[in-house]
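Each of the next two complexes has chain A plus one other chain: chain B in the first, chain C in the second.
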Partner chain A sequence: MVAWKLILEAIGILIYATLMGFIFMGIERKAMARIQRRVGPPIYQPLIDTLKLLGKKESVSHGFIYDFGPVFALGASIAALLFIPIANFQLFSSSADLIVVAYLLEVPMLGIMLGAMSSGNPYSALGVQRGLLTMVAMQLPYGLAIIALVQHWGTFKLSEIVALQQLHGWSILVPALLIAMIVFDIVFQAMLGLEPFDIITAPAEISMGPMVEYGGKHAALLFTQHAVQLFAETAFFAVLFLGGASNLLELLIKQIAVLFIAIFVASIYPRFTIDQAAKFFWKWPTILGIIAVLLTM
Partner chain B sequence: MMNEIAVMLFTPLIAGILAWIINVKGIRETIGVLGALVPFALLVKEYSTVVNNLYNPPTYQLTVSGFNITFKLGTLNWYFAAVASLVGVAMAFGMISTSRNSYDWLFAMMSYTGVLGVFLSWDFVSFFLLWELMTFASFMMVLKRNRHESLKYFVLSVIGAYAMLLAIALIYAKTGALNFDDIRHAMYLDAIMGGMSKSETILIFALFLTAFGVKAGAWPLHVWAPGAYSENDQSYTAFFSGALSKAGAYGFLLLYILMMVKLYYVMGPFHGHLTFAYIIAWIGAITVVVASFLAVLQEDIRKLFAYSSIGQVGYILLAFGVGTWMGFAGGLFHVLSHAVFKGLFWLVTAAIILQTGKTRFEDFGGLAEKMPITFAMSLIAVLSLAGIPPMAGFASKWLIYEAAIQAHMPLVAGAIFLGSALAFAYVVRFLYAVWFGQRPSDLEDVQEAPLPLLIGMAILAIPNVVFGVAPGLVTKYINKVLSYMLFLFGERKVDVSIVTGSYYKLVTPTGTYNALTVTLMLVVGLAIAGLIYIYGAKARRIPVTNTYQSGNPVTEDYNLSIRRNFYRPLAEALEFWLKYSFDRFYERLAGIAEDFADWLREGFYNGNVQAYSWYLAIVLLILALWGVL
Partner chain C sequence: MKMPARVVGEEKVKLKKSFIKPWMGIKYLFKKPVTIKIPFEKIEPAPKYRGFHTLDWKKCIGCNFCGQICPARAIEMTWIEGEKRPHPKVDYGRCTFCQFCVDVCPTGALGFSENFYLTTGGLEEDLELYDWVPIDPQKVRELNERFGDYRFPVERIKFNRETREVTYYLRDGTEFKFKILGYGLKPPAAAKPKPAAKPAAKTAPKPAEKKEAKTEKPAEKPTEKKEEPKAEEKKE
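On to the complex of A and B.
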C-alpha cells in the first residue's frame, strides 16, 4: 500500500517551502533595506540569484567531498522539513519526535562544513571553526529551552505539542515557557546566521567563511538549502512556541512575525566576536534557561 | 555442556600464550585471530539458550583453592560479553597489521580473557581475579611503550582494585557471602532488618564508586586514560577503550543489582530520584562535559580520541544514573554503539599511524585521496559519534536524551546537549586536520591501509549502520536484559518492554523514532539535491592549492591549512577553568609522596650506628611503658 496522499502532500509542501524560503530571504533583504532607507531589491530577488547561479556555464570542484557537502546539506534540510508538522499537514511527523528534528536541523551545518573543509581554503577553515564554536556555545541554552518545553507538555511528539497548545493555549502564555521562548529566540538568531551572531559567514571579516570557495551550482545548492532551512526553522519555532497553525496562511503569518523580530534585531546590532558570543551564551541565556527549566519541574 | 563458558573464557588466554611461545610471523597471527573468534562464535551459538532460559541462565561452577567460583550467562552478561568479543575480533584483525611481536599478542589476548571473565563472573572471587588479570594485561601493554603513563595507570588501577577488595571484604564480613545471588539476598534482608549501619553502607558505596570509576574513566579519576590509550598499540586501544572501559560501566550496573534496595533505604530519595543514582548521574554529566571540552582542545590524534572515549563512557554512566528503565536501556544501547564507533575510530587511528608514522595534527593533511577506504570508514565513525540520525550512535543518544528529560533531570540533560555539540566540534577537527586540505610533501607516498586492518574496520563499521537503521534489533534484546535485571532486583518474572516498536522503529511512552523513515527521507533529500547538482553545468576539477587567498596567487610553499591551535578562541574563553587540572593535582600529590618517601629513607636508614641503637632503645622504652617488660 502506498500512501499517495502523503507523498503528494510532501511534494507539495516541499515546493511551497522552497519558494516561501526564497521569499523569506527576499523579505529579509527588503526589510533590511527599508530600515536603512533604501528601496532594496524586489522580493523575489534570491530566486533570480539562485537561477542565475544554476545557469553558470562552468563550476569548479575540489573533489568528491567538496561536491557532496552541499548536496548532503540540502538533503538533510529537506529531511528535517518533512518531519515537522506544517500547518494542517502532518507529513511524516509521527515517525520522528522533537529530538530527531532538532538534530536533523543541525546536520546541514555538518554538510556545509564537510564541503568547506575539503576546499582547503583558510577562510573556510576559519568559518568552520567559528561555526562549530557558535554551535558549542548556543547548544546549552538551546537544549535548556527544549527541555523546559518538553517538561511542561510531557511529550516529545511535535504533533502532540501542537494539539496540546490548541487545547490549553500557546506555549508562550505559560510564564516559564515565555522565558524559554526568549532563550530560544536568542539562539534562533544564531541558527539563522543573522547579526549579532552571523559569525560563521561574517562577510567583510573572513569573506563569507565556509562559502568562500563555492560558486556556480554549488552556491545555488547552498542558497536553496538556506531557503529550505529558513522555512523549516521558522516553522519549528511556530510549532514549539506559537501553537502551530491550522492552515498555511496562519503558519505564514506566524513565520513572518518570527522572521521580522529576527530582522529587527539583526539590523541594529553589530557582530560579536566568537569568544564574546561564547561568553554571552553561557551567561544570560543559560541563566534564563535554567530558570525556565526549574519553573517547569 | 556448560563447559562452553570455560572454553570461551580461556581460549583467548591460551591462544595468547601459544602465540607468545611459537612466535613465528604468520602462525602467531593465525592463532591470535582464532583465539579471538572462538569466544565470539560460542557466544553467537549460545544466544538461543540464553534468550530461552531468561530466568534460569546457564551456569558454570567450579572450585578453586577452596572458593566456589560461579560463571553465569544471563542476558545481561551475554550482552556485555558479546560486545566485548565483537570488538575483540576486530582488534585481532587490526593487530595482524599493527603488532610487531608476540609480546603484544600475549597481553592483548590475556586482557580479552580478563574482560570476558569480568562480564561472566557471578561471584566476587572470580570477578576480582579476572578484573586484576585484565588490569595487569592492559598495564603491560602500556608499560612497553611509556613507563610514566603506565605507572600512572597502574597506581590508579591499584587504588581502584584495592578499594574494591576492601568493599568486598566489608560485604563478606557483614553477610558472609561472595556469590552475587547470596549477596543480593543478604542485602535485601539487611535493608529490612537494618543490620548494616548507614556509614558502612555509604563506605561500601564510595569504595565501589572509586573502583568502577577508575576503570570507566569517570571524572575525576580519568587522568590515566589519555596516556594509557595513546601510548599503546592502537589496534589494542580499540579493545581497551571499546570493551575494557565497559567493565567500569558494568560495575555500576552490578552496584544496582547487588545493593539497590539497601542503598535506597540508607540514602533515601532526592527530589524524586534515588540519591545514590543521582550522584552517579552527575559524575557522568561532569565527565561528559569536562572530557569533551578537553577533547576539543587536543593537538594529538590519539589524545583527542582518548578524551572523547572518556566523554562517551560518561554518557553511559549518566544514563545508568538516571535510574529508570529508559535510562538503563539507553545506557546499554550506548555500550554497544560506543564500542562499535570508538573501536572503529581507534582502528582508523591505527591505520593512519601505521601508514604515516605521525600522530600530531600539524603533520597531517589531505590524506582522503591517499587512503579513501579508511576515510570512508572514519566518516561512518564520525557520523555515528556525532549522532547523525541513521547511525547507531544516534539511536542510543536519543534514548538517553529521552530518559534524562523524562526523569526530570534537566541539568543533566543539558550536559548531554553541550556534550554532543562538543562531539561535533572535535570530530570535525579530526576530519579537517587529517583528511582535508593541503598534503605535506612527506605524505606523498602514503598507501591505503593493509587488508587485515580494513577487515577489522569493516567488522565494526557494519554494526554502526545496521543497528542504526534497525535499532529495534538491539532494543528488543535490551528488553530481555531489562527483564532479567528486574528479576534480579525484585524477583518477579515479568517481561519488561520499555522500548517497543518494530525493528526499524523505537517507541517510548513519550516519543518515537522511526530510523527507516528517517533514512528514507534523507535518501529522498539527497536524491533531490543530487538532481539539482546534476542539472547544473559540469564541474571542472582544480587542485586544492588553486584557491582564494584574498585574490593573491598561492604556491605550494604556503601552508594554507590551519593545523595548530584550531580552537584557540575556545581555549581563551575557558582560560579560567583550564588553570585547574586534576592531572597536575595528582602529579603534585605523587611528587609529595615521593619526597616523603625520600625523607623517610634518608632520615631513618641513615647508616649511623648510634641512630639504630637509639631506635632499639625507643622500642624497648615503648615496650616497657606498655608493661611487657
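On to the complex of A and C.
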C-alpha cells in the first residue's frame, strides 16, 4: 500500500521547486546587477555555482553536528514546501497547516545555526547571535500578521484560505489584510536574508556570518537549501495574500512579483545594525500588525 | 591681506533623511547597463598609454641612464653579440611602468608602446617572457596594426643556458635571435682575452657595422672596457 502517486508528485514538486529556486536566485542577482547598471551573471549562474561546489575534492568537517546542520535545514525547507499548496498540488495537509508552514520556514535558520556553532569560529558565533536576535525580533510582527489573516478568514487551513480568496477576492483587497501584507513583507525581507535585514550573513562585515566555515559540498547543500527556501517562502506569500494559484504558471508570476518587491527593497536600502533591526521590528511593523489585528476583530 | 576661512553652513550640506527617495534608484533597472563586454567589445587605451617598452637598437649607446633612474631597478644592461654597446634589458616582474627611462634616454632609443596585455602560465619557461631586451618600435607598430589587441608583441621567449642564445617568437610567427654575452656595464669576460687586437680596434672603430664576424668582435670590446669605468665615475 505505498502511495506511489504521492511519492512521484513529491519528487516532481521537489525537482521543480529546486530548479525554480535556483532560477529565482539568478533573477535576484540579475535584477540587482541591472539596478547597479551592470549586466550581471546569466540567470542560471547559481545552478553552475552549486554544481561547481559539488565538484570540490575536499570539504572540511568539524564533526557530526556540523554535517547535520545543513541537512537538517534542507529537510525543514522541503517539509515546509510539501505543506504549501503549490497550484493544485498539496501533498500533505492538516487542520492547522498555516502554523506548521509558518514555523517550518523558521527551522532552516536553526539548522544552519546548529551547524555553524559547532564549527567554533568566532565569526559564525557572531552571525548566530545576530541571527537568533533577528529571529526573536521578527516573530512578533510575523505572528501578528498571521493572526490578522486567520481572524479574517476564520481558518488555519491553507487550502481553505486559497479557496476563500478565490471566492471573495484576494487578501490584499481587504484593507486590514493589506496592512498585514505590508508587515509580512517587511518580515519576509528578513526571512530571505535580504538587504535591510541581511545582518545574519552580513557580507563584508563579519565575512560570511554563520556560513563562514562551510565550503565544498556543505556549501552546495546550503545553496540548494536556500533555493528551496526561496521557492517555499515566495509560494507561501502568494498563497496567503495573492490568492494562491490554480496552475503553476500563475503561481510563478505571483512568486516573481513578490520576489521583485523584495529585490527592489534589498537593492536600495542599506543594512541595519542588529540593535536598529530589533528596535525597528518592535516598533513600526508591530504597530501596523496590531492595527491590522484590531481591524479584523 | 588675510582672508577669513570660508565655512559653508551645516544646514546647507546636511541631507534630510527619507524613506521614499531611495526608490529613485529603481529607475536604472530599465536603462542600458554601462558595462563594456570585454571579450566582445574593445577599449582603446589612451594614445600615450604607458605600456611595454620599445628599443631602437641602432640608437642605443649603452649609457645606462635608464638603469640609473629606474626606481624599481628593473633595467639591467646586457651585452649582445654583434652590438658594440650594452642594451637595456627590462624585467617586467619589477617594472612599474613609470617610463622615467624613456624620458631620460638621451638618444631617444628607448620608447614605449600602448601594449599592456601580458599573461602567462606559471611554468619557468613561460616566465622567461617577463625579461626581455625590447625590440624595434617599427616592429611593434606593425604587430599592433596586424592584431590590434594590445598584447605583448612576443609570444614566447626561449633562452638556451648553454649557448646563451635567446629566441623571440614574435606574434606573426617570425623568429628573432641574438646571443647574450654578459650582463652589467663591463664587457663580458668571454670577450676579454685578446689584448693583442687592441690597438687595431682603437684606430679603426666601425660604428655602422652591426653583424660582424666573431673574430672582429672581441677586438672591439676592450676599447669599451676602458671607456665604461670612466663613464661610471662621472655619473656616480
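Everything below uses one rule, namely that the second predicted complex is superposed on the first by the 294 of 297 C-alpha atoms of A that agree within 3 Å, B and C clash if a C-alpha of one lies under 4 Å from a C-alpha of the other, contacts with A are read in each partner's own complex, and residues count from 1 in each chain.
Note that in this section contacts are C-beta pairs under 8 Å (C-beta built on N, C-alpha and C of every residue); 3 or more make two chains touch, one makes a residue touch a chain.
What you see is a predicted model, and the numbers here were worked out from it, not measured in a lab.
Partners chain B and chain C, once the complexes are superposed on chain A, both fit on it without clashing.
In the superposed model, A:I172 makes contact with neither chain B nor chain C.
When both complexes are overlaid on chain A, the residue A:D97 reaches chain B alone and has no touch with chain C.
If you count the residues of chain A touched by chain B and by chain C, you find the higher number for B. Contacts of A:R34 after superposition on the shared chain: chain C is touched, whereas chain B is not. When both complexes are overlaid on chain A, the residue A:I261 reaches neither chain B nor chain C. Between the C-alpha centres of chain B and chain C, as viewed from that of chain A, the superposed structures give an angle of 130°, to the nearest 10.
After superposing both complexes on chain A, the closest C-alpha pair between chain B and chain C lies 22 Å apart. Of all the residues in chain C, the ones that touch chain A in their complex are 22-23, 25-26, 28-29, 31, 33-35, 37. Of all residues in chain B, only 296, 366, 368-369, 386-389, 394, 398, 401-402, 405, 408, 410-411, 413-414, 416-418, 420-422, 424-425, 428, 431-432, 435-438, 505, 510-514, 517-518, 521-530, 532-533, 535-545, 547-550, 560-562, 566-567, 569-570, 572-573 touch chain A in the complex they form.
Of all the residues in chain A, the ones that touch chain B in their complex are 14, 54, 56-63, 65, 67, 70-79, 82-83, 92, 94-100, 103-104, 106-107, 110, 113-114, 117-123, 125-126, 128-130, 132-133, 135-136, 138-140, 142-144, 146-148, 150-151, 154-157, 207, 212-213, 216-218, 220-221, 224-225, 273-275, 278-279, 289-290, 293-294, 297. On the side of chain A, the complex with chain C involves touching residues 31, 33-40, 264, 267-269.
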